[in-house]
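Have a look at this one.
Should a chain be cited, it is by its letter among A, B and C, assigned in written order, with residues numbered from 1 in that chain.
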Amino acid sequence: MGEPAIRLRGLTRSFGDVRAVAGVDLDVVDGEFLTLLGPSGSGKTTVLRMIAGFERPDAGTIELAGTDVTDRPPYARDVNTVFQDYALFPHMSVRKNVEYGLRVKKVPAAERRARAQEALDAVRLGEYGERAPSQLSGGQRQRVALARALVNRPKVLLLDEPLGALDLKLREQMQVELKAIQRDVGITFVFVTHDQDEARTMSDRIAVFNEGTIAQLGTPTQVYEHPATTFVAGFVGTSNLLHGETAHAVVGRSGTWSVRPEKIRLLLPDEPAAEGMRTVGGTVREVVYVGMSTRFVVDLPGGDTLMAVRQNAEESADLGYLRGTAVRLSWDPRFEYQIAG
Amino acid sequence: MTTATSTQRGGFGYRHPRVRLAGLLTAPMAWLVVVYLGSLAALFLTAFWTVNDFTGQLVKTFTLKNFQQVFTNSAYLETMVRTVSIAVLVTVLALVIGVPLAFFMARVASSRWQPLLVALVLTPLWASYLVKVYAWRAMLQPENGVVAWFLQPFGLSGPGYGFTAIVITLTYLWLPYMILPVYAGLTRLPDSMLDASADLGARNGRTLRSVVLPMIFPSVVAGSIFTFSLSLGDYITAQIVGGKTVMLGNVVQTTYVTNLPFAAAVATIPVIIVLLYLLVVRKSGALENL
Amino acid sequence: MKTAAACSVAALALAACSSSSDSASSAPAGSGAASAPAESQAAAPGGAAYAGPVGDGEGQLNILAWPGYAEDGSTDPSVDWVTPFEKATGCQVNVKTFGTSDEAVKLMQGGGWDVVSASGDATLRLIYGDTVQPVNTDLVPNYADIFPDLKMQKFNSVDGVAYGIPHGRGANLIMWNTDKVTGPIDSWAPTFEADSPYKGTVTAYDSPIFIADAAVYLMATKPELGITDPYALDQTQFQAAMDLLTQQKELVGEYWSDYTKSIDSFKSGTSTIGTSWQVIANLAKSEGVPVEAVKAKEGATGWSDTWMVAKDTPNINCAYKWLDWIVSPEANAQVAEWFGEAPANAKACDLTSDKTFCDTYHAGDTEYWKDVYYWNTPTANCLDGRTDTQCVPYSDWSTAWAELRSS
């Protein structure tokens, strides 16, 4: 015991001249919901496919619960995958799809049937067993794919952008559902996505991928509020950076500093700044009304650009008139972080 | 309300899709009915006529004589059985050779090689039919053909000209018609299907049996329809490499000018056999997936 | 409509099928009036012959021919007698070749062709099928030089009315591989008799007309059958021929239907003895295959081809110009040498490039052709003039052949 569910060491994989994965080390804790987050081409899906066994690493090792499975084919690994396109077998009914893994493992018919029904019930598709996959909606197919994987009771479930094809509302609903299921069954989930909101909503930890390596690994809050690199700061949330001269003038030290938009307060010309706050003057370039809040893009004299968000709690008036005017921005120094890269 | 907006876009055909469809399909449908079904019907009708013994002219009076002759004469029955056996053997051989080959082309070979392999499979189709059959005639020569020379070290003799030679040659001729639909079916098969099957614990054999074959079954059936019906109707191959062996097509060829009704009756048999085959295939549900 | 018209014309020509047997009795054997009654001359099939005179050409001519009969230089640049014809007459020529007599008949019935080179097994079908018209030989000056034993034969005339101009002839020979067969061979026996030492390598022509070859052999070996014309077989005679062919099938390694396959068959050793043509023997020899070919002592079947004119041709003048051109000594010599058959025009023999050509092919050797039975189309009315019985028609020949090959 005490072994991580998955241990990756020095994982490398190239496709032709492209280094898709360039030395990844990662320990996935037993029972956690880990998200591999990154833009397309960052290597996150390749890492997932190597864990599943669909791709062989050029170098490095993969351990599942302490056992080296690097050279094992997919069918000899105790993991299951939910595919981006669901990959349901079109010539089998929903029930046959769900039973497939058990049938392959020669589980007796009665038990097979019971477990498949249980899995279908768990995803609220108990009545749909005899349908063909083509007769289901996208969300339903997605849940069948989930049931087909979970029915095997794997130690680890791998999910390759499973919500990508769903519309926004269904996606948000499924995010909640997935998290609930993970909590119920208590198995390790490794979830791949390029959607930072999705990652934040569900994950215990997030591994942010960039150019084949992990840029940062941490809880959603850590990654969001303390981005380790410029890339993470930019990819997770909005890049709000102060460089060189400007940073020196405002913060008092050189380097690259980041402040999250919602921590920045936009002061109207007659508003005073609070005690102990940083302040900086700038010109409003853009005002974007987004319902709950309004976003301001402010150009600073040194060339940097900061975004500030103001909750629309008090002003119901249109703030568009601020476009082009000089304003001041202020924030609590506690919320500014220096970034390494 | 939505109708109001849609009528403003597009013309008459846009508003009346059925009329538009009818307009598009009338010519091809007429062609199909008149030329294709019409000639089939004419063939079938002719089979019930006879010829005048003195002039050799068609006599258009109804008679079952031709069918009686075909179905009661052991020589023609033998030829019928022989022809169907050849077609079945050719189809089975094309399956055994073609499906793994198509699988290799579609799923194993790298994407750089795929177009080249497809071209290689297609090249024989561009050569003249006769050239290919004569090439096989040369290869199958009983004494100094390539096949005989190849088999000699093993103490075997070549098949010579006859039943086996016909099967070999027809298999060669129609193999691309099996490979291409199966190849197309396999390339349409998403990679994730194979990954999913392996992921759920299936080894390659199991994946082939439970996922790949059922999913490409319609393509395989399409290929077998080609190989089966093309073999059934062939006669030139039998003429060139058949030695003394003849197929139904040769009977038609020998008799069609001097005794057209009899030839028509013989020619009806492969049509019926193919129709029966299609019926069986349709019952298996494969045609809907084509 | 069309069918009814064709039927009534045919009925006229044959004075109705049912009553033909008695009315045909007066027709002398060998005169060509095999199946048409004497009094039908006025209503000969195809209507009246062209009265002439042959005027200016219509500018084009559509020719249906055996391969090698109408060469325009496209096969071999030095083989061309069509282009000079076009230059001399202004008739632009369009040639289509056919592979078998059956194909020729089908194409002619389809229409669109002005002249056709028809073999004896096609001519009568074309005449009685009302597809061709009588030919006025007075309008063909070169007709005078044609060997007399080719004129007004059973297969190119009806009741003394000529239906075409003879073009050339050949006999079906017995050919053997001199390395594998101990010769010389002078009989068909090794290809028919059950005790043949060449069992398995005998070859035969794959066509219903080959039944006549068996009949020729029976004429010599079983005179009691009373066969006088191998194309006029009553049921008993026909059965005897089929029995002989069934016996032969045991010996046959391969049947041939086109001459390239026959050459290949002898070349590869698949066949060592069997029916052949002079041109096949020549080509095989030129490729180094050790073969000899002779006319067997029992006699032989053969062909004599005839140029015929389509009944409804719109290019009648060009058609007559072609008939005269193709049997002119110059053209006839070229065709005969290219195709490998005996020319029909006696004067052609002086113009062949190989001076022994006419001797090799026995062009003017009347004795040689005496026991050569030219291909003809069997009908229920016996072609040999017998009226006390019915003969087996060609439609039954073809089904019998198909059955023999099927079993």
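Rule of thumb we're sticking to: a residue touches a chain if its C-beta (ideal position, glycine included) is under 8 Å from a C-beta of that chain, and two chains touch if they have at least 3 such contacts.
Given the structure is predicted, the values throughout are model-derived calculations rather than measurements.
Compared with chain A, the chain whose C-alpha mean position is the greatest distance off is C.
Think of the whole protein's Cα atoms as having one middle point; the chain whose own Cα middle lies nearest to it is B. Taking the mean of the C-alpha atoms as each chain's centre, chain B and chain C sit 38 Å apart. Averaged C-alpha coordinates give centres for chain A and chain B that are 53 Å from one another.
Inter-chain centre distance (chain A to chain C, centres taken as mean C-alpha positions): 89 Å. The set of chain A residues touching two or more other chains is empty. Against chain C, the residues of chain B that register as touching in their complex are 51-58, 60, 69, 73-76, 78-79, 134, 137-138, 141-145, 160-161, 239-240, 243-244, 246, 250-251, 254-259, 262, 266.
Touching chain B in their complex are the following residues of chain A: 52-54, 73-75, 79-81, 83-85, 87, 89-91, 100-101, 104-105, 148-149, 152. Taken together, the chain B residues at the contact with chain A in this complex read 190, 192-193, 195-203, 206, 210-211, 214-215. Within the complex formed with chain B, the chain C residues making contact are 3, 6-7, 10, 14, 17, 20, 35, 102-103, 105-106, 125, 128-129, 206-208, 249, 252-255, 257, 261, 264, 268-270, 377, 379-381, 390, 393-399, 401-407.
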